[in-house]
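In what comes next, subunit A is part of two complexes: it sits with subunit B in the first one and with subunit C in the second one.
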Partner chain A sequence: MSFVQNVPCFSILMTMFAAILSSAAGGKTARKISIGIAAAVGVMSAFLLVFLMGTGDSYAYMMGHFPAPWGNELRAGMLEAAMALLFCIIMLLSLLGGGEEAAEDVREEKANFYYIMADLLLAANLALVYTNDLFTAYVFVEINTIAACGMILGKFNRLTIASAVRYMIMSLMGSGLLLLGICFFYDMTGHLLMSNIREEIAVIAGSGAYQVPFLLTVGLVSVGLAIKSALWPFHAWLPNAYGYSTVASSAMLSSIVSKGYIFLLLKIIFRIVGLEAFVRSHVTDILFLFGMTGMILGSVDAIRQNNIRRMVAYSSVAQIGYIFMGIGMGTTGGMEASVYHILAHASAKALVFTAVSGLVRVSGGKTGLKDLSGAGFRNRAAGAGFVIGSLSMIGIPGCAGFVSKLMFAKASLEDAFYMIPVLACLAISTLLNAIYFMRVVLFLYTPDDVHLPEEGRDAGHGKEAGSIRTAAGTVLAGTAGENGTGTGNSLQFRIAVTGFICLNLFLGICTGPVSEAVKTGLSIFG
Partner chain B sequence: MSRKREEKEYQKSFPYRFSRWLRGEEDPFIGRLEMKPQVPRESPERHFDPSDYEEIKRRSRDHAHNKRWQGYGKLYQISSVFICTALIALLVYAVSYLPPVGKTGNPANNEVPERYITKGLEETGAVNIVTGMILNYRAFDTFGESTVLFVATGCVMLILMTGKPRGKRGTEEDGTGNDISERMCITDTGDGMSEEIPGETSGTDPILQVIAKLVCPAVFLFGIYVILNGHLSPGGGFSGGAITGAGLILYTNAYGFEKTERFFTKKTYTGISVSALSFYCLAKSYSFFTGANHMENMNPNGTPGAIISSGLILPLNICVGLVVSCTIYAFYALFRKGGL
Partner chain C sequence: MGNNLASNFAEIAAVVLFGIGFTDLFLHKNLIKKIIGLNIMDTAVYLFLAVKGYISGLKAPIIENGVQSTEAYINPIPSGLVLTGIVVSVSVSALMLALTVALYERYHTLDLDMISLKMKGMEE
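Here is the complex of A and B:
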């Protein structure tokens, strides 16, 4: 056994240990620990990914001295390693990019709790990614839920309390359904280890017993995890939770937490139920329908928003809809597209949230769309980040979102039944995405003459020409020199935005190796 | 070969105009395009005072007289009852298909519990099979469970901890209206219940104090016994920790927070939970690492039945017990006075 194969176990335990240590440390030290651990685990996951790409196979890791059905077990393939790497990168960059705002939003004496929650969030999602045991998965789902509530409450005011309570109720509902599903699985098969459940289920399916509870179990697990990852009819908790919490929390919640749950659902589909049995249960049809409705209605809701944070939050509903639509197609192609969309959306949404925080900061802390006019000139790093993130969300070639949309379209061609609805929904949803994202981009790059210096207004040949001339002047000043803008972007923020942009472009341009990894990863997933 | 252009010719060319535009000297639209300045939007005639907003808020929350709300409320109630009933019926229907409880032929009676029961003592050294299972076979899950307690306490602290020494709270009623955690605390001192905060009434309830004097040592001793004998008799870290935590709460109720604070402050809490969880984490990391890499386990199982036996289970039980009792007391203190 190679030493690098210890990475899954180490990364989970190290992040948990970091959280424990943070509770004895001050806020600033805790932040450093969080950033350091995310970076360290990211590097480790990258090594594991390289190693697993070399071997091309997955392996089981025994947690302790007893083999699997008795002890706990982890399992890692390249998909798991890639997912862990993505989570670590997003965690690291969100902490860097949202650090300043978090320092303002979170009260000084409570800051270390915020970073404990962040560490545990990462630990829980890593465990969800790696675990091969259904009960372990449930334990870490619990940690994930509580830590996510804590992340929302990091910024402590009326709005976040209300949204955290709402999030908690919905999320616990989802956990409850998932737990019921796990209990049913255990009752029918007598196992908690995923591979063993799979074998027993094959036997059960052969004998024709337990058909009703099996159908219900698949439904319970799917719906429970759909609630937790905000599929369309269950998304009511999402806009406020993402829209009002501090930006690092929003980025992590949208890009790590909900993706962790979807990954668990994929794991249950492939490793426990089996893709064919899952399709036979027709739960896929429900997910497909909800996903498509979410794609359209989430975007429509996003168009109706005037608060940019809430708009971006509603766009998450639409994007989660894409992922579930791919799962609902029930084909391998659809699943691959979904996994790619998980990667694409996670990187793009975290970028957009981070960029929005920078844009809002230079607009006097206002989040209305009109207040953001010209913000792209005032904070160019954030503006560029927002544009790239939007292009990726819309699906412009060269950005991450394009590849996954292409994969969805390609997957739909396999089955004539799915082709027309999928293509139509993709087209409509892309159009709607373009409407609301490009509207914001236009606002961002509309010169705003309200903030201009007074002399610009008086000079010139009359009022009209003057205002336009000064507007052009600000544009040029904005593009001409670094020194004049005064955006106050810290180095951390720039690093974060640059990192996210690179991640998006990487996923959009180096599609070959990534989609190959996703494909092989999924084929050895079950 | 490029030829040098005439100055006038150059001034007509596109690059010249572009460079002028880039320098901000010329705007291509001015003079060529009909432009109107943006008409500033008419500000609404009506001007709203803050009191108007209060009125709107009051009316919108006036559920008793809001017909739309009432209709919605009824619909909400009916549909939630309907959904719950449907879900219950569905679950009961599905459960009726499941194997009956306690039958020998059930799927759950397979090789997994068989090995726990027949080989558990030999492999873990724990007479109490349950403890052997949760702290040795499935120790990773138990670490997760302890962390759930830890993160829950952290969350409650994030919400409830006021970060101010007690006693000052009541005086700041007006100054800090925005801070909800403080406001919660202030309203807490305002209502009748908190008049009886033990800190203020300590020493006024002799019956409770006498009983507590008798009961507390027994409770603590029993809790410690349950923790330490977790691998020998029914019990273990979770149950023993709950008992000890309950004892702490009883002690606090009888003697007040001042007395408890002499030996249990936030520092104590942090120290205990950090060291217990760190020990658990490090010990188990070692165990997972050696196990996964098929290395020799250095923790001897000892003689089954002796108090010092079964390898890591005893120290792990102590850790879990400490974490659980601290968590239970911390919840109580946080909800009661907003701090430890």
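Here is the complex of A and C:
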């Protein structure tokens, strides 16, 4: 066994130890630990990915040298390593890009708790990616939920507390259904390791027993995870949770947490139920329908928003809809497209959230669309980030979103039944995406020199500083004064935006190797 | 069918309780009642697991008088799962209760509809 095969185990343990370490550290040190651990685990995952691309196979990792039915198992293949790498990159860049805002939003004496939650969030998602045991998956789902709640509460005020409560209620309903589903799986098969359940289920399916319970179980697990990842009718908690929390949290919630749950669902489909049995259960039809409705209605809701953070949050509902539509098609092509869209949406949405925080910062802390006019000139890095992110969401060639939409369209052509609805929904949803994202981009690049209290920040003149203080929130005025630079962009923010842009362009341009890796990854997934 | 119902009455009770808890969590406006629902729901799952692991007439899986045969004891794995689950649900309930306190201090109500209304008022 090669040493690099220890990476899954090490990366989970390291992130958990980082969380423990952070509990004894101050806020700033905890932040450094979080960033350091995300970078270290990212590098390790990259090594693992390269190693697995070389071998072209997946492997099971025994925890503590106890063999399969007794011991806990991890399993890693290309897809898992790629997903872990993506999570680490997003974590790293979100912490860098949202660092300043987090420093303002999170109370100083509580700052280390925020980064403990961030570490636990990463640990839980890495565990969800790598684990081969259903009950372990459940435990980490709950850790993920609690950590995500902590991330929402990073900025502790009336709005976030109410959002966190609503998030917890929906999320707990989801975990309840998931837990019951897992218990049913255990009841029917007598196993908790995914590969063993798979074998038993093949036997059961052959004998024709347990048809109804099996259907029920698949439904429970799918709906439970769909609630947790905010599929359309279950998305009520999402806009507030993403819209009011500090920006690093929003980026992580939308790009890591919900994707972790979807990845777990994919694992259950491929590794436990089997794609064919999953399609036969017709749960796919429900997911397909909900996904398509979400694509349209999420975008319609986004158009109706006047608050840019909430608009971006609603756009997540639409994008989650795309992913579930692909899963609902029930074909390998659809699944590949979904996985690609997970990568694309995760990188684009984190970029958009980070960019929005920069734009809002130069607009006096106001989040209304009208207040943002001209913000693209005032903060060029953030403006560029928002434009690239939007283009990727809309699906302009060269950006990540284009590739996944193309893959969805291609996948739909395999089956005449899905072709018309999928193509129609893709077209409508793309149009709606373009409407609300381009509207913002137009606002951003509309020169607004009639009344600009924030203009002073560009020039740094003293006389306008007074008007900043009156017009803008006091907190933001404080930053402007301290930084003294034009846009108040720190080096970290620039690095984060540049990193995200590169990630998006990489996924949009190097499509061949990435989609090939996704394809092989999925084929050795089960 | 009737026979199955009679012999699996504990499982049925568990699933019915789960339904009650889930509906409570889903539909009640009052936050405390929602948390009670959450606990009923989780406990119902533990009842289900405990019933599944129990083999009538056998003892708890603690070795007694050196008897190591698996025939002598009930299945210990569901008990382990229940323990893990209890830990999870205790922490989740604690978090929810803490949130409820914080929420009540700021909104002076436990009614989620009222809280949503007040939130809307703040957004405008």
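The rule we apply is simple: the second predicted complex is superposed on the first by the 491 of 526 C-alpha atoms of A that agree within 3 Å, B and C clash if a C-alpha of one lies under 4 Å from a C-alpha of the other, contacts with A are read in each partner's own complex, and residues count from 1 in each chain.
Here, contacts are C-beta pairs under 8 Å (C-beta built on N, C-alpha and C of every residue); 3 or more make two chains touch, one makes a residue touch a chain.
Predicted, not measured: the structure shown is a model, and the values here were computed from it.
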**Prompt:** Counting only touches as set out at the top, which of subunit B and subunit C does A:140 meet: first, second, both, neither?
**Reply:** first
**Message:** By the touch definition at the top of the document, which applies to A:110: first (subunit B), second (subunit C), both, or neither?
**Reply:** first
**Message:** I'd like to know which partner A:47 touches here: subunit B for first, subunit C for second, both or neither.
**Reply:** neither
**Request:** Determine, under the contact definition given at the top, whether A:149 touches first (subunit B), second (subunit C), both, or neither.
**Result:** both
**Message:** Quick check on the superposed pair: does A:158 touch subunit B, subunit C, both, or neither? Answer first, second, both or neither.
**Reply:** both
**Request:** Determine, for the superposed model, which of the two partners subunit B and subunit C contacts more residues of subunit A.
**Result:** B
**Request:** Could you say whether A:180 touches subunit B, subunit C, both of them, or neither, answering first, second, both or neither?
**Result:** both
**Message:** So in the superposed three-chain picture, is A:172 touching just subunit B, just subunit C, both, or none of them (first/second/both/neither)?
**Reply:** second
**Message:** With both complexes superposed on chain A, which partner does A:127 reach: first (subunit B), second (subunit C), both or neither?
**Reply:** first
**Message:** According to the stated criteria, A:62 is in contact with first (subunit B), second (subunit C), both, or neither; which is it?
**Reply:** first
**Request:** Report, in rising order, the residues of subunit A that make contact with subunit B in one complex and with subunit C in the other.
**Result:** 135, 139, 142, 146, 149, 158, 161, 180, 186-187
**Asked** What part of subunit C is in contact with subunit A in the complex they form?
**Response** 15, 18, 21-22, 25-26, 31, 34, 38, 41-42, 45, 48-49, 52, 77-78, 81, 84-85, 88, 91-92, 95-96, 99-100, 102-103, 106-107, 112, 115-116, 119, 122-123
**Complete:** Per the touch rule, the subunit B residues reaching subunit A in their complex are 22-24, 27, 29-30, 35-37, 90-91, 93-95, 97-99, 106-112, 115-116, 123, 136-141, 143-145, 147-148, 150-152, 154-155, 157-159, 161, 163, 178-181, 270-271, 273-274, 277-278, 281-282, 284-285, 287-294, 297
**Residue numbers on subunit A that touch subunit C, as the complex places them** = 135, 138-139, 142, 145-146, 149, 158-159, 161-162, 164-166, 168-169, 172-173, 176-177, 179-180, 183, 186-187, 192, 240, 307
**Message:** For the complex, give me every residue of subunit A touching subunit B.
**Reply:** 1, 6, 9-10, 13, 16-17, 19-21, 23-24, 61-66, 69-72, 107, 109-110, 113-114, 116-117, 120, 123, 127, 133, 135-136, 139-140, 142-143, 146-147, 149-150, 153-154, 156-158, 161, 180, 184, 186-191, 200, 210-213, 216-217, 463-465, 467-469, 472-473, 476-477
